[in-house]
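Shared between the two complexes below is chain A, which has chain B as its partner in the first and chain C in the second.
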Partner chain A sequence: MAETLLDIRNLRIEATAYPPGEPPRNLVLVDNVSVSVKKGRVLGLIGESGAGKSTIGLSAMAYGRGGVRLTGGEVRLNGRDIRLADAAGLRALRGREVTYVAQSAAAAFNPAKRLMEQVVETCLHHRLMSRAEAETRAVWLFGKLGLPNPETFGNRYPHQVSGGQLQRAMTAMALCPKPDLVIFDEPTTALDVTTQIDVLAAIKEAIRDTGVAALYITHDLAVVAQVADDILVLRGGKTVEYGATGQIISDPRAAYTRALVSVRSIEHQEKPDARPILSVDHVTARYPGTHFDVLKDVTVDVAPGQTLAIVGESGSGKSTLARAITGLLPATQGRIRFDGRELSPDLASRTRDDLRELQMIYQMADVAMNPRQTVGTIIGRPLEFYFGLKGEARDRRVQELLDQIEMGAGFAKRFPAELSGGQKQRVCIARALAAKPRLIICDEVTSALDPLVADGILKLLLALQAREGVAYLFITHDLATVKAIADKIAVMLKGAVVRYGRKSDVLSPPFDDYTDLLLSSVPEMKPGWLEQVLKHRRMESAGN
Partner chain B sequence: MRRIPISALIGLLVTGAFFAVALTAQWIAPYSMEEASGGVWEPISAAHWLGTDNIGRDLLSRMIFGAQVTIFIATAATILSFATGSVLGFLAATAGGWLDQVLSRLVDLIMAVPTLILSLVILTAVDVTNLTLILVMGFLDATRVFRLSRAVAVDITVMDYVEAARLRGEGRSWIIFREILPNALSPLVAELGLRFIFAVLFISTLSFLGLGVQPPLADWGGLVKENSAGLVYGVPAALAPAFAIALLAIGVNLVADWVLSRTTSLKGGRGG
Partner chain C sequence: MNSVLKLVAQRIALGLLLLLAVSILIFFGIEALPGDAAQAMLGQSATPEALANLRHQMGLDQPELPRYFHWLGGLLTGDLGKSLTNGEDIAAAIGNRLGNTLFLAFWAAIFAVPLAILLGLLAARHAGKWQDKLISGVTLATISLPEFVAGYLVMYFLAVYWRVFPSMAMIFPGMSLWTKLNTIALPVIVLVMVVLAHMMRMTRAAILNVMQSAYIETAELKGLGPLAVVWRHAFPNAIAPVVNVVMLNLAYLVVGVVVVEVVFVYPGMGQFLVDHVAKRDLPVVQACGMIFAAVYIGLNILADVISILANPRLRHPK
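Entry: the complex of A and B
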């Protein structure tokens, strides 16, 4: 039986909130959470945003972000309660016994220093090893983490490596001082699905080879199932369920865990092909002042009342296609036809009806709504603008739309800042619906949301499609979402469509290389999936 | 709204008092502006609370009417600079292209010449009246407001909600006044206070140099000039208007600071 490394008992964490216009209020962020990690084991912390997972993770180094206080319980690391440690004690502890890997590697590295300098900094600061020893260890870690040219990798600056490589470099930084415990705070969330799998595999291997214990924080149960031995499910700062990974995945006991496990189980029947409402015909586009086509000869159709999903990783031209269709980035070649008439490539010369029938919903609902306008104004403006509705007629229609997005009365007077993430996205949907569009372009509308909330939004979109007959052009990098809602799929890579057709055709073999890579990279909710995929890939590359 | 901090409260009180004096000058001043009611540089007495000036006029009355002149010109110039500067700045930010280039380079050109020298040149060439003073100060200050509002608006125009408005087909005036202006208001209001104080200092400087408000009318800068010779003989008359300028500057700054810290706290910065 391995020794217990980290033992958190009845942890209570509080913070003070300063709501505008009200007296300061005490908030309990984490309440009575107990959890332990044995040497060399990995504990997954999972929950939606605000569940307290990062707060608990940081408490393992007795740290609280701005104004957060650890007010009760014990955090025992190597047998002593680090909550009671003084500043010097904490300084000796952090970076030596516990290290941290942040979500955004790009924001965590100093852009003015070479990677090696930053990776060995902690070792030198704590006088754990000489510079030569530290650099040797860093090179070894670079190799372990699958970074290219481990000998010279450290000479690069942060901007000279990719996001996935930077994330691995930060993992090397955390592992370099030979800590007992590493806290991984959503290390793969900001990465593309195809990159995520590499980083995940590298992290897993490095954890195994260095024998370090880890806290792995994420909102994605499928990801944590690959790396963690045990899982702690959190909600609102309280423990929902705590158990071995296998048990949580295959036999979840709490209702909330069951919902998390069964998320993305929407069944969607593919509809038969029909005469398209939107056809994009050999469209090529480039940004003004550049000499590089960001869209290359793209041809896709959307049928009325159906969904075309555009899939691809970041930089593949998905959003640019949306900009070309809406006219924000006029196409340099090709034609865009809408309901039988040709759309002018330029936004300024389109008719008001063209604009009305083609609406858009954005990824970040936060910045898609003017923070100084109420929900009533935000939804009411298209009604006023396109249909000339005023006063009571307008308010009535706003309320109808709020009902359609399953939000009650009283929301019309609120400001966006007073809504939750899911509610904000619903308001954006209502604003698009207000124009009575024929087609809505949805640009990554669920990727900033928690899985259960995203599920709700997808269900709402499907229900609205069934009722209003609106077509969607759905841009996403998440294939699980695609499976849930698409009728047709276009896979994009470097500005071109590499695979296009009915959902059943696109998602069944034979695959082209890229689609295969994309499909196999989507984490599945079963332990051992990661090894299977990697084994499969190694065999394929050996076969070639 | 959070409770107003004590410093801002003092600032509001001081600023409010000065504006109240300026508005009610006709009724509260014990003597008229031009009337010589005593001897030259008389000391403080019951009849003359602040003594008399270099030709025997009541200094308190001169100060009160001076407040009216100073604050009126500074306020008018500030309003003019904000009306032109912010609208042009927003226009440049939303339109972009050649309009932005022409306006921005023109502003660069004006700002390349020190404001004081440029205004002295203009004011020696034209008839100096209150109106010309306001116009010259207002338009020169507008360049700075233009810079700020363009910078703020450039940040806002790339927001998705502005793009959403453009996709809806909204005209430029809706985008400027309904989408951008409400979100740019806080930094602009803070800047308004600072620009007002610069206008007060500027008109005082011009008057001190003799190219500002013309006698027998006088603003505070003019009063300092008239009485500065007395300092040599130990007559403190020039200090009263100087003190008034400083007090108003501090008062307005305290208010502007508060507005500014509220703005930054909106973005999750200081003041949390």
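Entry: the complex of A and C
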């Protein structure tokens, strides 16, 4: 039986909130959580945003972000309660016994310093090894993590390498001082799905080869199932379920865990093709003053009451296509037809009806609403602008729209800051619907939401489509979402459509190389999936 | 590296263009002022014939455009012309004065810049606490005091009451460096008081802004102490805004010291300029204006270049 490294008992974490115009309020972020990690084992912490995952993770370094305080229980690391350590004692353990890998490595690296300098800094600061030894170890780790040219990689600055490489470099930085425990805080969440799989494999291998223990924090159960030995499911700062990975995945006991495991259960029947409402015809576009086409000869169409999903990685041109259709980025070649008439490429010369029939919903509902307007004003604005509704008539229509998005009458008087993430996105949907559009462009509308909340939004969108007959152009990088809602799919790569057709055709073999890579990279909720995929890929590349 | 050279060359070319524009403004602006040296020398009761004679002697009756080009050509070859009032060579007279002004500015900067940055780092480190409030309060009080008030205050206490330093900052060639420093101590103190707050506040703001970044948390979680975090991780990213304000203040130390020089009777550019404005000695005023403009533009270009070099994205493109 391995020795216990980290033992958290009855942990309670609090913070003080300062709501504007109200007296300060005490918040309990984590309540009575007990969990332990043995040497060399990996514990997965899973839950939605606000569940207290990162807060518990950082408590293993006795670190609280902002005004977060550890107010009760014990955090025993290597046998001693680190809650009792003084500032010097904490500095001695941070970086030496426990290290941290942040979600956004791009922000977590100092832009003014070379990578090597930052990777070996902890070793030198704690005098764990000489500079030469630390650099040798860093180069070894770079190689281990599959970074290109490990010998010279460290000479670069953070802005000179890609996001996936930075995330690996951050892992190397965390492993370099030979800590006992590494906290991985959503290390692959910000990455594209095809990059995620490589980084995940690299992290898993590095954990295995260095024998380090880890806390792996994520909201994605399928990801944590690949790396964790045990899983702690959290909700609202409380333990929902705690057990071995196999048991949590195959035999979840708590209702909440069952909901997490069975998320994306939406069944959607593909509708038959029909005369399109929107046709994008050989559209090419570039940003003014550049010499590079960001959209290359794109041809797609959408039928009324149907959903076209645009899939691709970041930088593939998905959102640029939306900008070209809405006229924000006028197409340099090709035509955009809507309901049989040709739309002017440029937003400024479109009629008010053109504008009304084509609405948008954005990824960040937060920033797409004026924080100083009430929900009623936000939804009422298009009613005034397009239909001239005022006073009572407007309020009645706002009420109808709120009912449609399954929110009650009281919400009209609330401000965006008083809504949850899912509610904000619902208000944005209501605002789009208020214009009675024929087509709504949904740009990564569920990407910033927790899986269960995202599921609710998708169900709402499908219900609205069935009732109102509105068509969707649904931009996403998430293939599970695509399977759930699409009638047609266009796969984009580097500004061009590489595969396009009915959902059943696009998602069935034979695949082109890129679609195959994309589909096989989506994590599946079964332990051992990662190894299977990698083995399969190695065999394929050996066969070629 | 090529793109950096290009950016730097662009900045320098722009600076030269700006200097040319400034020369036009200075020359014609000062020409357009009422009165001239002949009027000033002969006084109100001069006869029109005497005035015309003197103007002809001084070349003031020539058309303006050829005079401008003649003057500009002189500037480019280092010949600033002759003083209208005493016939002295301006370049020689100014050279000495400029040296004195730069000497004063240099020693003020030597004390003010490190002190301001140190105080800014300390204030940022203790943001919101009493140390921060004390530093901000004191430096803001010193900048709020007009220079002549501050000048007479330090003179009263340090020269008259405690008799630590001399009140007159008269320096001349042949003094030893130590005597010189002792002599200029009071104006240096006043100048430091004047420029400290601006640089301190900018350092504090820039550091606090950087301290919000995720990489500062990374550094804290490595176990680095607070000073190491600020010095090694925050400061390198705060250089650009700080350098810009430092350079503005250095420029002020050269071109804005008129009041301080007059208060302490220091033989620098400021006093020289004021004397010759009174005498309507236009070539001297124009030469002083050009030198001030050149210093100002030069230091700002230097700030730009340092900011460019401090940015790793520009220094090491992808």
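Convention: the second predicted complex is superposed on the first by the 544 of 544 C-alpha atoms of A that agree within 3 Å, B and C clash if a C-alpha of one lies under 4 Å from a C-alpha of the other, contacts with A are read in each partner's own complex, and residues count from 1 in each chain.
One rule holds for everything that comes next: a contact is a pair of C-beta atoms (placed from the backbone, for glycine too) under 8 Å apart; a residue touches a chain by one contact, two chains touch by 3 or more.
Please read all numbers here as calculations on a predicted model, not as lab measurements.
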Joint occupancy of chain A by chain B and chain C, clash or fit: fit
Partner chain in contact with A:160 - chain B first, chain C second, else both or neither: second
First, second, both or neither for A:534, with chain B first and chain C second: neither
Chain B versus chain C as contact partner of A:112, first or second or both or neither: second
Partner chain(s) touched by A:125 [first = chain B, second = chain C, both, neither]: second
Which superposed partner A:362 touches (first chain B, second chain C, both, neither): first
Partner chain(s) touched by A:460 [first = chain B, second = chain C, both, neither]: neither
Touching partner for A:104 - first (chain B), second (chain C), both, neither: second
Partner chain(s) touched by A:274 [first = chain B, second = chain C, both, neither]: neither
Partner chain in contact with A:507 - chain B first, chain C second, else both or neither: neither
Angle, in degrees and to the nearest 10, that opens at chain A between the C-alpha centres of chain B and chain C: 30
Chain C versus chain B - closest C-alpha approach in the superposed model, Å: 8
Contact set on chain B toward chain A in their complex: 1-2, 159-161, 163-164, 166-170, 178-179, 182-183, 272
Complex interface listing, chain C residues touching chain A: 213-215, 217-225, 228, 233, 236-237, 310, 312-313, 316, 318
Partner chain C, residues of chain A touching it in the complex: 61, 63, 65, 90-96, 99-100, 102, 104, 107-113, 121-122, 125-126, 156-157, 159-160
Contact footprint of chain B on chain A as seen in their complex: 18, 20-21, 66, 326, 328, 347, 350, 352, 355-356, 359-360, 362, 364, 367-373, 381-382, 385, 431, 435
